[in-house]
Amino acid sequence: MTPAAAYPEPRLRAWEARTDVPLTVLSAGFLVLYACEVLLTRPGSPLWQGLETVLWVLWAVFVADVAVRLWLARDRRRFVLDNPLDLLVVLAPFLRFLRLVRLVGAVSVLTRTLRDDLRGRVSSYLVVTVTLLGFVAALGVYEAERDAPDATITTFGDALWWVLTTITTVGYGDRYPVTLEGRLVAAGLMLAGIAVLGTVTATIASWFTEQIEQSRARAAREERAAAPGAPDPQTWVELLTEMRRLRARLDELEPGPGRPRD
Amino acid sequence: MTPAAAYPEPRLRAWEARTDVPLTVLSAGFLVLYACEVLLTRPGSPLWQGLETVLWVLWAVFVADVAVRLWLARDRRRFVLDNPLDLLVVLAPFLRFLRLVRLVGAVSVLTRTLRDDLRGRVSSYLVVTVTLLGFVAALGVYEAERDAPDATITTFGDALWWVLTTITTVGYGDRYPVTLEGRLVAAGLMLAGIAVLGTVTATIASWFTEQIEQSRARAAREERAAAPGAPDPQTWVELLTEMRRLRARLDELEPGPGRPRD
Amino acid sequence: MTPAAAYPEPRLRAWEARTDVPLTVLSAGFLVLYACEVLLTRPGSPLWQGLETVLWVLWAVFVADVAVRLWLARDRRRFVLDNPLDLLVVLAPFLRFLRLVRLVGAVSVLTRTLRDDLRGRVSSYLVVTVTLLGFVAALGVYEAERDAPDATITTFGDALWWVLTTITTVGYGDRYPVTLEGRLVAAGLMLAGIAVLGTVTATIASWFTEQIEQSRARAAREERAAAPGAPDPQTWVELLTEMRRLRARLDELEPGPGRPRD
Amino acid sequence: MTPAAAYPEPRLRAWEARTDVPLTVLSAGFLVLYACEVLLTRPGSPLWQGLETVLWVLWAVFVADVAVRLWLARDRRRFVLDNPLDLLVVLAPFLRFLRLVRLVGAVSVLTRTLRDDLRGRVSSYLVVTVTLLGFVAALGVYEAERDAPDATITTFGDALWWVLTTITTVGYGDRYPVTLEGRLVAAGLMLAGIAVLGTVTATIASWFTEQIEQSRARAAREERAAAPGAPDPQTWVELLTEMRRLRARLDELEPGPGRPRD
């Protein structure tokens, strides 16, 4: 996934190493400010306008970052393919927040307890990502729906509940978005829901498979050990000893030219 | 999963061995009393208050048990990581009932018929756990919703039906919780539903994989047997016999110093 | 699954072999008559009473069959474990129809084209079983709901549509059962839906795994072939030839006692 | 999947190679015209009648193509089994459009970047196929429902939203088809939804399995390298050298008849 492994981009790497932490902080800030704007202010109020301005500024920073990196990249086509998330950030800057998650997780927890535990790593990513996505989706759908006529999602609690019923693909239908923005958020959430279902299933399935794999591998090892075709070391030793003795016997027959050959 | 394998906790083990059965009985009792309270009494009635008191006492016992074990544990951080269920019990004591299940299952059925049958073990756990969770969830949502205005879950039958539509992620929406407590129960149930879907799929998938694994392993074994590089035992016997004969012939040439070497 | 492989039951086998075809025909007839009763007659009409009588007679036959087999079985506990379907038949005789499917499938199609194709076999079973289950469930829910007050499933078309939305776990909620019988049918259908989802996923997943398995196995084979430790047959021939030549040379030294040893 | 691998059909191959591109273009055209008819015209209007005529002509062309190929095929039964999609095209010509996808994908992208990436290939197919299916289903359900009494899908936007809630198996039930045509479209879409869920899960699961497979294979390789039974090449060299020396020694004993034997 990381381009570093695939092809050298010294200048790009340098830039990313330098900007990683500040951008992560900014995106965390973005999410917090966005939440405040949605939950605490009403559109049109002075505070709302202030927050809106700040958010647009942060947005511009993220866009600028991607633009700079695209400019620094040698292989631009590859950069686009390797960084879909970063390009998505231009559309949805809070996703950048996921990088914070990755950072935290990678450094603090995973390196200690989950070094080889693929499932543990994936599960923790899943939980954090889904929680973030769900919270952001609830913010988005609430902002979009709260003032819509005949909307069913009119409180933030309703929005959280709707997110839950949607991402688990239960979909009671007691709450559903009616605006275009709300439905776009729902679309992202449903796709996320499918990915969640898939990842959970895959995690469990891989655990199963590994268990059976291990027992199978154990059986195979034993069977290989008991295989008749496999020469055991003793045979080898025996064979070579036999050999040496033979030559020794022959040398005894009449010493001389045989010696230097050793 | 069991810490015993991971690190030694003699005092903790001793305590758990001693308290396992009584606590399991208590948790079974807890579930029964809770069911009685929800299904047979109305809040405020004398019987209700009596049951409520007993349930709070049992709750305190469970909390005390976890506290004692946490105090006995040497590696406390690890204890918390290894016993999420037991900590959850502090919040939802009936989950302790699952230990009864484990006990019963482990002792009576599994040891006899499912020694190596991973899928069988998982399936039986799944069925029992889901049944219990569903019943408890129905109790909880019924208690939460029955007196709520514009509630759609007003009978225990409705609650059971709602549990079914939720845990299978069908979610008709003819019944859905409207209270906060009810929605929290629903959240747990939906996550359980995803886990159920995942586990069922994984069980079937692992069966598939194993079938194909086996045929593949069979093919590999045959192919290995037919491999040209593999020396068959006859060759070895032949080789050593050859050798022995050689030395015998040489010894015949002129006996003496060769003998003691054997 | 078939007990024959697991333990000998000569009398049971003989009985099953003799009764398999007639019982399959009877169960097909049962399904047809049941469909006619539900779709063509109204409860209480003479035709309805006639069909009802016939169905109860067929039911008795199925129960008698299971009773006889249980009586013939040596290991009764095992019989119960090995024949859940047949015991279920006592509750839902039309399931016996699945045996017809198995027969037909096994004989006509599978033996020809799907001898080793596990996925193909499973898929065809899945399609036939789901179709049958869906049809039967539609009959059952329609019979249960059509006369219920505030029922949403009032035509057989609605019933089929509801079956589809349920077994795919979509669950719009425009149609849903309100009677106990209808909800019991729904419960069976939802569990079937989960199994369907799981089996479909598992089929696709196993295909994936097999593809990757194969490429991995190919790689492993090549790598094993190139392994330095593997003695090639030439070496063996060379070695033995060497040996034979040696003895030949020694026999030339002085013939006699060596000969008979061969 | 392609019959070419399975059995020779020279004439069929030749025809298909000749007609592939034009038919793909026609089917793309079919989809575009169908979309125009549904979205831009009202039934009965002159433009609608013109488009309808063209669509029927294109349809006839597709049917003729299948008829010709069926006539050219030697093994007709096999042709039917191998080309379900093409026979489906007679019922739903726009599916032919999928061939365009296959063409484009295979030629442009996959051959370059996804040569061995099974998951990448499947994912890209999935995305394109689902998008197309969803768009076509939205067209179909919109055409079927827009003029129906008590229809809930009355705009194309509603249709797209309904497609999304259906294919993800969320199924809020705020929008659902009420006509037979609409429900048939829904049936296809739900089955597609199950397939999507399954494929997504399988893709993730196979990635998991492969990761674990690789680590397992690595372990097995190391373990095999360290196996005691495996003769290392040095031993072989040593053994043969021993042998050669032996014969040399014997030849020295008394030269002559031994020489020509080499």
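The letters A, B, C and D name the chains in turn, as written, and every chain counts its residues from 1.
Everything below uses one rule, namely that a residue touches a chain if its C-beta (ideal position, glycine included) is under 8 Å from a C-beta of that chain, and two chains touch if they have at least 3 such contacts.
Please read these numbers as outputs of a predicted model, since none were measured by experiment.
The set of chains touching chain A and also touching chain D is given as B, C. Chain pairs A-C and C-D differ in how many C-beta pairs are in contact, and the one with more is C-D. Under half of the residue numbers found at the chain A and chain B interface occur in both copies, marking it as a different-residue contact.
Among the other chains, the CA centroid farthest from that of chain A is the one of C. The distance from the centre of chain C to the centre of chain D, each centre being the mean of the chain's C-alpha atoms, comes to 27 Å.
For this pair, chain A with chain C, the centres built from the Cα atoms lie 38 Å apart. Residue positions 169-173, 197, 201, 203, 205, 209, 213, 231, 239, 243, 246, 250, 253 of chain C each touch two or more of the other chains. Interface of chain A with chain D (complex): residues 81, 116, 118-119, 122, 166, 169-173, 176, 180, 183, 186-187, 190-191, 193-195, 197-199, 201-203, 205-206, 209-210, 213, 217, 221, 225, 230-233, 236, 239-240, 243-244, 246-247, 250-251, 253-254, 257-258, 261.
Only residues 157, 161, 164-165, 168-174, 196-197, 200-201, 203-205, 207-209, 211-213, 215-216, 220, 223, 228-229, 231, 235, 238-239, 242-243, 245-246, 248-250, 252-253 of chain C touch chain D when the two sit together in their complex. Looking at the complex, you find that chain A touches chain C at residues 169-173, 201, 205, 209.
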